[in-house]
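In the two complexes that follow, subunit A is the common piece, with subunit B as its partner first and subunit C second.
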Partner chain A sequence: MATRAGGTGRYAQDEKRRDSDHVSFLKHRRFRWLWIALALSVTCILGYVMIDQQPRPNGGSWYGYTLGTIGFALIIWLSLLGVRKRRINPGAWSLKAWTSAHVYLGLSLIVIGTLHTGFQIGWNVHTLAYVLMLLVIVTGIYGVIVYATLPASLSANRKEMTRAQMLEALTAIGRQLETAAQPLDRAEADLVIAALSQDVFAGGALARLTGRYPGCATARALGGMGTRSEGEQRVVALLEKRAEQLSQIRGALRIRALLEVWLFIHIPLTIALIAALTAHVISVFFYW
Partner chain B sequence: MAFLIRTIDFTAAGREIIRDRVVEQASLTIGRAAENDIHLPDLAVEQRHVRIDLQADGTLAVRALGTLGFGLDGRTVSEASIDPRTGGEIALGAARLAVAREGDGNIAITIRQVAAEEGKGDALRGFALASVLPSKRVMSWAFAGAILLALLIVPVASYLLRTPVKNDPTGETPGQVVMDAAWSTGDLSLRHHSLENNCESCHVGAFESVQDETCLSCHEDTGDHARSNRLAAGMPPLSAGDALQWKIAESLGKEGPLGCVSCHTEHEGEVRQKPASEAFCSDCHSNLDNRLTDTKLADAHDFGKDHPQFRPAYYASFGEAQPVRAAPGSKPVEKSGLKFPHDVHMNARGGAARMAVSLPQYGQPLECKDCHTLTPDKMSFKPVEMEDACESCHSLVSGRTAAGGFSKLRHGDVKDLAEDLARIGSGPRATPASGRTRPGQFARGGVYTADFGRPVRAYIGLSNALAPGGICTECHLPTTRNGQRDLMPVNLPDRFLTTGYFTHEAHKKEECTDCHAADTSKAASDLLIPDLKSCRDCHLGATAVKTKKIVPSSCAMCHSYHLPSGQWSPEAEGNDPHYRPAPAPDKTKVAAIFGKATP
Partner chain C sequence: MAGRFKVAIVGSGPAGLSAAARAAALGMSHVLLEKTDHLSDTIFKYQKGKHVMATPSNLVLRSDIDFEAGKRETILGRWDEQIAGHKVNVKIHAEVAKVEGEKGAFSIHLRNGEVVEAEAIVLAIGTQGNPNKLRCPGADSPIIQYQLDDPGEYYDEHITVVGSGDAGIENALGLAADPAQRNVVTILNRSADFARAKGANVKLLEEAERDGRVIVRRETTPAEVRDSELLLDTRDGQEAIRCDRIIARTGSQPPRGFVEAMGIEFSSPEPGAFPKLSPVFETTKPGIHVIGALAGYPLIKHCMNQGYDVIEFLNGNHDLKPADEPILAEKFAQLPGNRSVEQWLEVFGKNVLILADLSTLQLRELMLDSTCHAYEPGEVIFRRNDPGSSMFAIAEGSVAVEVNPADPSITVPIEQGSIFGEVGLISGRRRGATIRAAEPVIALELSRTAALKLLATSPGAARVVNAISIERQLLQMFGSGLTKQDVAPLVESAEVMQARAGQVIVTEGADDKDVFIVRRGSMIVEKQIGERPVFLSYLPAGSYFGEMAVIDGSARTATVKAAIKSEVIRLPGEGFLALLEKNPALRTRALKDMAGRRATNEFIESRKDSFSGAVDLYSETAAFLVDNGIGEATDVLLIDEKLCIGCDNCEKACADSHDGLSRLDREAGRTYAHLHVPTSCRHCEHPHCMADCPPNAIKRGPDGEVFIDETCIGCGNCQRNCPYGVIRMDAKPPNKPSLLHWMLFGKGPGPGEASYSWRKKEAEKEGGQKAKQAIKCDMCSGIDGGPACVRACPTGAAIRVSPDKFLTFTKLTEDAE
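Coming up: the complex of A and B.
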């Protein structure tokens, strides 16, 4: 009986884990961290409104210091997500819970940080820290949105091809192009050479994000290729195949770039924020 | 229709070997087994892997014969169709079979081996955005480093390494802390604005709060509101949060809630520091007697509702050295030593008025300003001078001079009066009725003339003047000093309301008698300083609603925190009072902008 009960318990546990594996970090534990963050924000707003701060609310009143301390602790803890996710070890700390808390508590920092400023904004290290914090949060919001929406289109764009296959296809088309282009004259051959020699990943971050490649040599070759002879027609057909393959790859690049670009702001600005926060705290007490 | 099968191999030296053979059939099989039309000795290839059939429409149907698919143009499929005009590339293991139509109509299948691609994983890395952006780590270090350097390390280092110099508001003297402007949380107030670039003029020590001593190095004349132990005892208890903050702050060396900076918060913008709010005063003064049980101050928290009656300073008895302040609720009887019925002088139909009308310098009944002149600061009045204010009626003319003018008795000192009277006594006497005069140099006015008048007459004159009913006692009270007749000295305080600020300038639309009941005052012993009630006709507390008549008046309108009695002083003539009422709030920002725009 005992074994069966234990087995049932384990089964139930496994089922629970399997279920939870498919719950988004946003909905983790029925939005537990959303509610905690909301409660924290509402408490802070109520305190701000109801506590008489003399001579006016700012970061230097006792309530201001309290908000500042909470905000500072939150920022440090939230930034430790980067450390936590690299530590793959068992324990009671769920990465999903941590991520969920990261998102919701990060959002509550908008309220805590703004109240801590007492709405006093200027050109100084203190406002720099505040603005950096807002930028980090805004990029984080973007990140959550794209993580929720873009992976589906990334998968749709693949059409059952792996990235390696996409590159392989391009190589295959390239080899055929090289053979097919043999009858072409100099000018047209040069166009094909240019198309083939251009790196598939050519184009900067902007090209990836917008999906516009004004320097695309394949497009230029297609534009400059005649269609009189059979050879030319074959090359055009192959160039079109290449362009199509390229556009699939570039579609993947674009979605990937949109998925990843926020991290290139979120992470460096988080570190910059910690630096500005350090300067903020030290300077406030240095010139107390 | 035939297939041209072209195999390209490489010798060990890298030379290319091309072998062509033509297969005249409509279908081909490809696989590892030797019986296939195209034999590929590659373990990755099935024994019979793919079959190619030429279709009626000229296309090639390619089909996997086993479960394993094949690569076509990079994609793994198990069945596909190739148009030989466009061509295609079949991948089987390491072999690549390029299918294309030759010029003679045959379909060429070119087989070549490809080397296993090394670094394919590297190629895949190109899909990541990181391949075209600087690394996050580098950016993090760069940003953080720049911020820490410019906003923390440079100012701290320059603070630590400098040789402290005298304060220089312009910040041009070498030895100033550099790049600390970004630490400022806001502009300094108007009066401190010149210190904007000179943080260390106030923030003297690192991690040390601004000390009172530093403030007082400039504001040396600032008076204490009260002794600090009295202030501490009179303060209402702090809230739990404030108490905790002060406990921590004081343990770290910040001066307590009675320190300068706890009220005078700075960095709130380039504005005039606001006068203290009514609540600031009433926090302590609304029930000060609960905490400072021995205080003589009555509670006050709102001028319109709770403010003690004024206690003007006055001389309570004749000849006192110092004025005293009226006891609460008392009706002071002023002992100035003067007789002066205001009502007689102010009656527009009385004798004084008639007299004034007949005199060229008045020409009309007397007015207050005929005698009372405002001081330049418009706060109080100059002392009334007998010679300017009274003498045109209360004449002290004593006779005619030889030059034809009038001689008069000097006013102000009984000794002067005695001398002047003595001179009258020895002055020219009536010419004898005979008409005879002494001859030559013995005649009147001559060298040897002598006046043999009785000197005692002067003493009688003085005695008469000082005696009740004499000329002096028209205005003065007679007295005796050391057995001699004398007058009571005139005592009037320089300032009646000593602890508040009042300007007549702000009240010039009022009639004097609106506040000072002079027109009905019958005696100089009436203290004509207005009472609380007459002020409250217009002035109510800060929370009162402003109307055409009612002026909401906070404590700071009349009182100053640091200079409870010294706000006004004769030495500091012309100095602005500390307090200036705050400007009326703008109706809306838009209205303010339009107001500025229209000239």
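Coming up: the complex of A and C.
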């Protein structure tokens, strides 16, 4: 029970957590992984410059093999982030530390991989692997930029509402619109019905990313609504509310899409990279 | 009249039923009086299909009727059958209104005017009480009902709901939900706004009003109930509306007044107190016995056993051992000395000061919720900084307190009969010192619930604990070197004050001279700088304040007010000064503390001139966090929305670490300056959720977490009591296919909480969903590395903090990016 002497020994761990500074994955442990990655890259460059590689610097020399092995191991380890992220137990590790290491060690691959090629580029499976790696890295850099810049606007757009609450608010306005539209004439009523029956998520990937919905039926209804009668004014006011609510939902969708879209390239390219890399390694050993 | 019964049993809940069945089996002349038209109204009112649980599992059931865990319908059905089988003399529609007479000749007056005569009475009316009736002519009309079981039952009716609380609003919305029922629903509210209901409910009601689904009448009260018509008092005079049915939801009266009117005394005026009872459940009014929930035993099994026992006692069986005997025997078996249950009870009852006033019945019950320990000399009982809110009492032997963490050899003794650990109980904070057994010790550890119950029911025990705790708090706070004699005059003049949230204890600029100790709860210190108050610091329980003005004779330099409901000890300034005079070491320390505090205040004031934006941010963020329950938290999840990418990995990790259900709702909750307080447990110092849990299933664990164990019966009380809405009631879902299966073959729902439909479908394959139980964050107890939510966050947005460490200028203004 609560007071048995000793406890589970987690107290020290918990106190450390409560005492620790609050920092992002980029600043984690005073940029520990940035320094490690820099050291790794500088060492590789120095080695490349100082070691006399025969017949010429490329993947085939012993130094080239060394760089290749390091690079291959790093890529496999970087890919394992996808598993790590989804398997939280067992182990006293944190995904923040892993992401921090992933980002900086991933960047060091630019140096390691490039040196490994010995600047020999051609139309072959080896270069394919290299280019895929660079593409994965470029998408990763995009990812880090959006992770660092977009969350604040996601939070500001949310205004303390959850996604479910936003949709609920929209449904509530919809119900009011339905009643308010009763006295309208046929043409105007049709506009309201069209607005209400349009799926919030309609518009496709492009609309979602840009936040522009040219086919928005609510905007169209607002445009085609008169303002003479009291009934019309009430409907217009409600349509404006609906448009506002829609724009919050679309804002949230847009920011989240920008935060996620790169993973749809980063992950498949990782899989392609591993395939190309396997082909690259096998072909190298085959011709050996 | 049917002559005089030997016993009249009032109330047909599990306690009353079991008593009546025993009386019938013994052939004792009896009558069972039930207010409603069915047996066991409390259980009858459970949600349809609720799984009723039979805890505690180690207690044997002793009753002529059966009870085992199962569906509400099955249990009620079986009881109806068995009560008929035993030929119990049941009288329904028999609400007892008044009891007159003495033992041997009671007259029991029913609401309908009938009088029942009995020699003895067993009161088993539970704790539900009576719904408040409408206060107008016609209040007894049959069109009025006090409960709404199924809103879908009513068609084409004009229904008026009276009452503006959550129950009333929910009923009105339920009745109007389906337009196909064509009900005309009106809700009456005496005032102009719905201040007593939850914001979300009020919003829904206002929306329903705008849509014309519900008619809301404000500043309106019922004036008279007539046949299919209701006369209303409105602001503009009287008005009659058509009305086929009235649902009255204006709260209920606890049964205490009714019980006291019979001449039965309660153990104390506290709301949590129960009637004083003898070992045979007899009250202070001879001839009237109280059992069941009303006696303080809310579990069905306890109720049924007591029903059996009370009739046996009335029948003259005085050798009957209570049904908890084997449980107690098991508890005592591990203690040395081979003594019997009775002998042990005597040792504890006689030796321990705070148990002196208890009856054997109370003592036995207290033992059930407590743990007995035997310690060897030198053995550690608890260590400094262990979490723990239980209290210990020494039945034999004595213990040594290590008052100086730096030097374990300096100890202060606590002698036989006294208590320790009470600071943890009162403040809700970690242990302040390590305590060892000084000689062989037999000690009783009272769980927080048991200890609080004891303090509420025994004024004597409360007085003792109060005096001891003030003395110990002084000794502990002002460090080593002080003796009981040194602080005796201060203890003498100390006064405990309750403070509600926001109450000001010390006002800036005032020239009163008292010193205060925060005994429970927490304080915030503010100073008026320019126009607005600026937050200076946060004082957790165990700190003192007000010393500056006393030491240097100045006016108060800042305002101190309670962050949450708190208790402070007020010490007169002169007494404090006299103590400092006598103890130079203490004086030095106080001066040092004071200089430190002054430096913090000056730092913030100086910043205010140059970096007023940062100070405002700090001050406002701190105030926001305190408003959101951080002031009473021990460990709380916060999310920095400047870093959060909304991936919900925190929720997924939570679900995957805990039976597949997430205990946090990341999006819900308040946000200020990008700091978000999600809906997740704060592990309060004094958890509100623990207040009313029938099986005492909510406990504080070894790492300070508040957790719910498997004995939860799913009653939902904790969910209602938690002010932060963090408890959900749900069934443990079946296991998911492994991560590998999902990644490679797309099997199962993937990481995180599975959808409701998946859980339901899978559970049905396994023979139906498990019973719903209360679930909440347990701070990933037992998981190496600590809370999964924090570990699973890729960006560092999710942090867990404690208020004393986080509510500081540096932490609140640090830039995480």
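Here, the second predicted complex is superposed on the first by the 263 of 288 C-alpha atoms of A that agree within 3 Å, B and C clash if a C-alpha of one lies under 4 Å from a C-alpha of the other, contacts with A are read in each partner's own complex, and residues count from 1 in each chain.
We take it that a contact is a pair of C-beta atoms (placed from the backbone, for glycine too) under 8 Å apart; a residue touches a chain by one contact, two chains touch by 3 or more.
Given the structure is predicted, the values throughout are model-derived calculations rather than measurements.
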First (subunit B), second (subunit C), both or neither touched by A:Val83: second
A:Arg175 touches, of subunit B and subunit C: first, second, both or neither? both
First, second, both or neither for A:Arg163, with subunit B first and subunit C second: both
First (subunit B), second (subunit C), both or neither touched by A:Leu154: second
If touched residues of subunit A are counted for subunit B and for subunit C, the larger one: B
Partner chain(s) touched by A:Tyr104 [first = subunit B, second = subunit C, both, neither]: neither
Subunit B versus subunit C as contact partner of A:Ala205, first or second or both or neither: first
First (subunit B), second (subunit C), both or neither touched by A:Leu26: second
Partner chain(s) touched by A:Tyr48 [first = subunit B, second = subunit C, both, neither]: neither
Which of subunit B and subunit C A:Ile267 touches, first, second, both or neither: first
Shared subunit A surface residues [contacts with subunit B and with subunit C]: 163, 172, 175-176, 179, 256
List of subunit A residues in touch with subunit B within their complex: 51-52, 55-56, 58-63, 65-66, 120, 122-126, 128, 161, 163-173, 175-176, 179-180, 200-201, 203-205, 208, 230, 233-234, 237-238, 241, 245, 252-253, 256-257, 260-261, 263-264, 267-272, 274-276, 278-279, 282-288
In the complex, subunit C residues that touch subunit A: 207, 210-212, 371, 380-383, 385-390, 392, 421, 424, 431, 445, 447, 635, 640-646, 649, 652-653, 656-657, 665, 667-671, 674, 676, 699-704, 739, 743, 750-751, 781-788, 790-797, 799-802, 805-806, 811, 814, 816-817
In the complex, subunit B residues that touch subunit A: 71, 73-76, 85-89, 91, 96, 98, 100, 110, 120, 123-124, 126-133, 136, 139-145, 147-148, 151-152, 155-156, 159, 180-187, 199, 203, 206-210, 239, 241-242, 244-245, 254, 263, 265, 268
Residue numbers on subunit A that touch subunit C, as the complex places them: 1-8, 10-11, 13-14, 17-19, 21-28, 83, 85-96, 98-99, 147-148, 150-152, 154-155, 158, 160, 162-163, 172, 175-176, 179, 256, 259
